Amino acid sequence: MELLTINNVWMMICTALVFFMHLGFSFLEIGLTRQKNTINILFKNFFVITMGLVVYCLVGFNLMYPGDFNLISSGILGFAGFGLEAPLIDGGLDLAYSEGYTYWTDFLFQGMFAATAATIVSGAVAERIKINSFMLFSVLYVGIVYPIVGSWKWGAGFLDSLGFYDFAGSTLVHSVGGWAALVIVYFLGARIGKFDKNGKSRAIPGHNIPLASAGVLILWLGWFGFNGGSVLSADPANTSLTLVTTCLASAAGGLSAAFISTMMYKKLDITMFMNGILGGLVGITAGADQMGPTSSILIGIIAGLVVVLSIRFIEKRKLDDPVGAIAVHLFCGIWGTLAVGIFGNMASFEQFIIQLSGVGVVGLFCVVSSVILILLIKKMCGLRVSEKEEKEGLDLAEHGMDAYADFRIE
Amino acid sequence: MELLTINNVWMMICTALVFFMHLGFSFLEIGLTRQKNTINILFKNFFVITMGLVVYCLVGFNLMYPGDFNLISSGILGFAGFGLEAPLIDGGLDLAYSEGYTYWTDFLFQGMFAATAATIVSGAVAERIKINSFMLFSVLYVGIVYPIVGSWKWGAGFLDSLGFYDFAGSTLVHSVGGWAALVIVYFLGARIGKFDKNGKSRAIPGHNIPLASAGVLILWLGWFGFNGGSVLSADPANTSLTLVTTCLASAAGGLSAAFISTMMYKKLDITMFMNGILGGLVGITAGADQMGPTSSILIGIIAGLVVVLSIRFIEKRKLDDPVGAIAVHLFCGIWGTLAVGIFGNMASFEQFIIQLSGVGVVGLFCVVSSVILILLIKKMCGLRVSEKEEKEGLDLAEHGMDAYADFRIE
Amino acid sequence: MELLTINNVWMMICTALVFFMHLGFSFLEIGLTRQKNTINILFKNFFVITMGLVVYCLVGFNLMYPGDFNLISSGILGFAGFGLEAPLIDGGLDLAYSEGYTYWTDFLFQGMFAATAATIVSGAVAERIKINSFMLFSVLYVGIVYPIVGSWKWGAGFLDSLGFYDFAGSTLVHSVGGWAALVIVYFLGARIGKFDKNGKSRAIPGHNIPLASAGVLILWLGWFGFNGGSVLSADPANTSLTLVTTCLASAAGGLSAAFISTMMYKKLDITMFMNGILGGLVGITAGADQMGPTSSILIGIIAGLVVVLSIRFIEKRKLDDPVGAIAVHLFCGIWGTLAVGIFGNMASFEQFIIQLSGVGVVGLFCVVSSVILILLIKKMCGLRVSEKEEKEGLDLAEHGMDAYADFRIE
Amino acid sequence: MKKIEAIIRKSKFYNVKKALHNIEVNFFSYWDVTGVGNEKEGHVYRGVSYSTSNIQRRYISIVVSDEFEQITIDAILESAYTGEVGDGKIFVLPAEEAYRIRTKEKGKTSLN
Amino acid sequence: MKKIEAIIRKSKFYNVKKALHNIEVNFFSYWDVTGVGNEKEGHVYRGVSYSTSNIQRRYISIVVSDEFEQITIDAILESAYTGEVGDGKIFVLPAEEAYRIRTKEKGKTSLN
Amino acid sequence: MKKIEAIIRKSKFYNVKKALHNIEVNFFSYWDVTGVGNEKEGHVYRGVSYSTSNIQRRYISIVVSDEFEQITIDAILESAYTGEVGDGKIFVLPAEEAYRIRTKEKGKTSLN
């Protein structure tokens, strides 16, 4: 009982920290985009967290943890029914559910993760997507795609049987969000003015770097819960190791991206520093409990490099991702997943191949479902706002409000 | 001992989270008001939290938890003496004080709540109240009115004996703050320009919606502690249920207010989304440990409706509440208190009537004391700044400072 | 095992809170400085936390907790080797390391403290220091000076044997940072325009007081972990007492500074309120577990006075500290350390003398090492940016970026 | 045609706008500027109290036809007035031509 | 010399800048103003929906020599056009002299 | 009467203000604008490095009587000078009339 209590306290705190990441994402996204779209981004973020919890309560949780995969066996698809059904004993909650947390904590922790996946998309598609289309997509993605993928590993499905390892979700959360981001960004097209006639990428500076930086530090804090909670108990050795590897990879990722980009561009580019930190965090996520300090630092350093290069690569492909979500969550998510086969306790060629397959399978499924969803939505309500609305800003067009208005009524 | 330790850890964390709500309130309030009054609002918030803790230490705590109601018996008024007096045993703190927390934790957790009640007022009266009058009022309200009301229920007074239920303070904290807000807003009058000659309400947009949104997310985070800590131990079943009901009501409240207001005004109004989230949080607070997921969602949905309608209703009455504190804290506080008699484990007509009486008694007492205090203060130092000061902004008049000055000295 | 688990959970949470203080420092520093140097300050802060963790991992930790002082005995200098070396048993982490935390938690908690010391410097030298020189200095300070001083007390060195008491680092962290700040500010000189020809100090208002205020509240929150974690276990009596003394001193410090400065300048100066809160926090840090409520309030009140007067004193000496770091961290750090000999359980004339000696020894060492480092760095790469760069702002010169740019490329 | 530039107190803007509205001048542009003049404002910051003559003001720019010149000026003179130092200034500049972008028309009719 | 002041939609600024560039007018200053005119914008805030004629616009100020006057005006008329209410205005004012601070030269050659 | 408009480097503003003060021109208004001209500034953002000719400048507007025209211009020319590209411009426009709102007086005496 004492042990459950303490484990559960830790898990609740981690839940709160993961919840708080939504403020981090909001700040990061509004900071790196233009003022005229600020309300729109905030609205999307509010929608994702509120809708995410409700939808995950109604369908997601029972799709992700279906128990016996009753729909397609061999660990592919199962559904334990709509809504939540707490296990009871003698009229009270059955605390034998798990040593590490209660049923309720389990749901809430997982629900916060689910909302995260949709938020990743939000940043990449900012400043031009129709808000209704975005909302529709995220309902379906959080409600169906994310939990199905999750069930394959965390719901004890076929990826789990295969030996695929993803501690806290480099693939299951970050890449799942990242693939959707990639697909929608592709179908959506770049913001007006992002590429010149010759296809050269142009900078569209964000309007509030202080808030973006705050977002990064808040996300880092949230990762204490994201990775620390993924131990699924308060086990002292594992949780504390996880926090150390998380922080070292994050630090190393930031330093490495800052260093590399300074070498390349001769200016101390703080946006790269920020993306490097986030890249390090995503990179360590798959193996945070399997690494030592040195391998975490190395994983972080490489993640920093991955971020800098992939941001470049993505822009070269004329894909426009205002906040770098694809580089951070997809590319570093893949890197982190593979790194489990390269560094740390589990490193082996065999494991590497398993990790690679996991990345491939998940990627394929996410891309296919995203393409289907997005084409459907495009047909139904269109994807992109009009040129006029984009130029005047989504805040005016969709919300009739200014982010920093003041005494405008007179 | 282990159990006390873990319970106490949880309670300390919840205390920290409730403390952090003061940043949430600050951001919300400055974000929804005009730039020229920003310093003034921040100053008031700083004052409320610092003064609140000191005053609660000197008198409030022992008025709220007097033990034997030595002044007016039958659970109406008691006072255990000035200052704090920790129970000692063998020269050390007596840990038998409670299973759930130490004496010190108890004080600090309660002290953070006390400060919250005064902060609720601060938003409603913003942009026109004299700061000295506000400070005087909050000292008296936190030091006397709030703890007396609190003693009736949480101090085991007559409302408690009656069977009145208020888990974490929909009535005892939020309505107590809300009633005072209502009274002062009434005596203070509307901001210049809020209503036109025909009494039609006009929008006075706030100057920093990003900060206001951050405030909402921080308040939500704080509610993990506000409700989670009101279990008064780390009991795994209760705490985790409480967090789930809190988050679901909050999410549902936001979605419902956003949906309703979009239907009504054809624009996606993020300020209503924000108020809906807060309304859901206040609404679930009275019965957070008595509800299941479905009833929490329903409570949230109705709270969202309550917020949208009551904001309208309040403005129709020509009451000017710049941040919506009355709608959120008073109306949703009442709704939440009544909901305990309608949904969940305690639902019964009898309970509903008890809840209603509790609302009435507390309301009466708060209104009467607020009226007395505010008329006294009005006599002594006036309530409202001069027209000139209001127009030029309180920052200049009372603080001689700009919120976003830069390099102005040259 | 349960006890270790719960203690470790508490320590990890405190670690997270101390980490979060870096956001507090960032907000405080950018809020109190001019817009044109915002990116620069954020970059420095990002650097300090990332570099701090890596350097502390590579050398600092083993310099601060060397075990047997193998280099200069009598508790003066020791080094346990590069990198981290977790104690193992049966292939797993040896949990017998301490009752209060695991090896990993120990490192991370201490690492967060180390980074804090360097961040203190960052605010004081803002708006004119060359970023490379600052970075070099902080690497050396965090990697060498801070851990050596730390080893004298927390590493069980000679100050510890002497009976010197510094619970959470009024001297070991805050003064260590503060002395370096003082030295560099002296060598750096004032910002252009800070003093007129007659040497009269002029105000250079910061550009974002809302963020600065948020920084203060975040720092206060962080102090729950800074002091609460310094108990080094979750002991219910000690941790909760610590939080109470911390909060009361902070509240009293704010109120006292606000009151005094309002008396002196006739305006309600929120920046003094802010510095008073921080002063109270630094002041209680050395003896947070040795005080009762009354002595904490007194320590806070005096700290508020110390802040107001020392800010004045420092400016009279023509030292330019844009955020008040020297007043808050150095002067209140000294005050707090001495207060252990004056108030609370340990108060005695003897103790006072020991505290004074500790302050002196640490001060001497920090000043001498800072002078040496800073002169070396000055020789190697210069200290101060050119007049042109300072006037145009460091953001443009060193980062080629605007903090609040928007749509500037077209 | 004349260009009328008025530098007024921000707190009087609403008044001025109403006054202009009453004389049917519903077309103008405005922005916030810092004015240096006779008025001083007391400030305090981190314990330094100082007074500055750099004061936030609102700048209104209106182009009117000649016959509207005086009535516009009078409206502003009246509505921006408090009688205390710092009420601001009105400047009149000659303007040669005006175009409405939407219709490409020029001259007087393009002004409103 | 003429001073040309154009008040345009912010969303058209990029277009106008390009058009000016094409006629080799690479020298101007701009800032954001609030314009009051015929256009109305629908807003909603905390449940109050309202429409305002205070709209954010960009103010462009260019000083050109006389022979550039018409071509500059035409370029702006063309590039700022949408045809909907709110396209903005162009005003022409006489300017007497211009100086380049860097070289202290004055007259036409100092304009670019 | 003349209206003198100077577009200067923000970093030179303090200098210019002092110079104006020395010649007893203590009355003006200023605001921040973006200038497009010959100067280029190097920037980098999320890995894209670019140079822009859109540079933050300060716009100073002073209305003076005719006899103050030259001395004001000279003061600015001197104090805003660095010799590098981007020092800015001074423009002189005719002004017809000036009013002080506080006293309703017009003409030269209303200028200060």
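Note that the chains take the letters A, B, C, D, E and F in the order they are written out, and that residue 1 is the start of every chain.
Assume a residue touches a chain if its C-beta (ideal position, glycine included) is under 8 Å from a C-beta of that chain, and two chains touch if they have at least 3 such contacts.
None of the values given here were measured: they were computed from a predicted structure.
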| item | value |
| --- | --- |
| Partner chains that chain B and chain F have in common | A, C, D, E |
| Pair sharing more residue contacts (C-beta pairs) when A-F is set against A-E | A-F |
| Interface composition of copies chain B and chain C: same or different, split at half | different |
| Geometric centre distance via CA averages, chain D-chain B, whole Å | 43 |
| Computed distance of Cα centres, chain B from chain A, in Å | 33 |
| Interchain centroid distance [CA atoms averaged], chain B/chain E, Å | 49 |
| Shared interface positions of chain F, touching two or more other chains | 14, 17, 31, 34, 42-45, 49-50, 93-94 |
| Residues of chain B whose C-beta touches two or more other chains | 2, 6, 9, 13, 193, 202-205, 208, 267, 269, 271, 399-401, 405, 408-410 |
| Residues of chain A that touch chain F when the two form their complex | 32, 201-205, 261, 264-267, 269, 271-272, 275, 308, 311-312, 315, 324 |
| Residues on chain D engaged by chain E in the complex (per definition of touch) | 3, 17, 26-31, 61, 63, 93-102, 104, 110-112 |
| Chain C residues within the chain A interface of the complex | 1-2, 4-6, 8-9, 12-13, 15-16, 19-20, 22-23, 26-27, 30, 38-39, 42-43, 45-47, 49-54, 57, 83-84, 86, 92-93, 95, 101-105, 107-108, 111, 131, 208, 211, 398-410 |
| Residue numbers on chain D that touch chain F, as the complex places them | 2, 6-8, 31-38, 53, 57, 59, 73, 76-77, 80-94 |
| In the complex with chain C, residue positions of chain A that touch it | 2-3, 6-7, 9-10, 13, 17, 34-36, 193, 202-210, 213-214, 216-218, 220-221, 224, 228, 234-237, 239-241, 243-244, 247-248, 250-252, 254-255, 258, 267-271, 273-274, 277, 292-294, 297 |
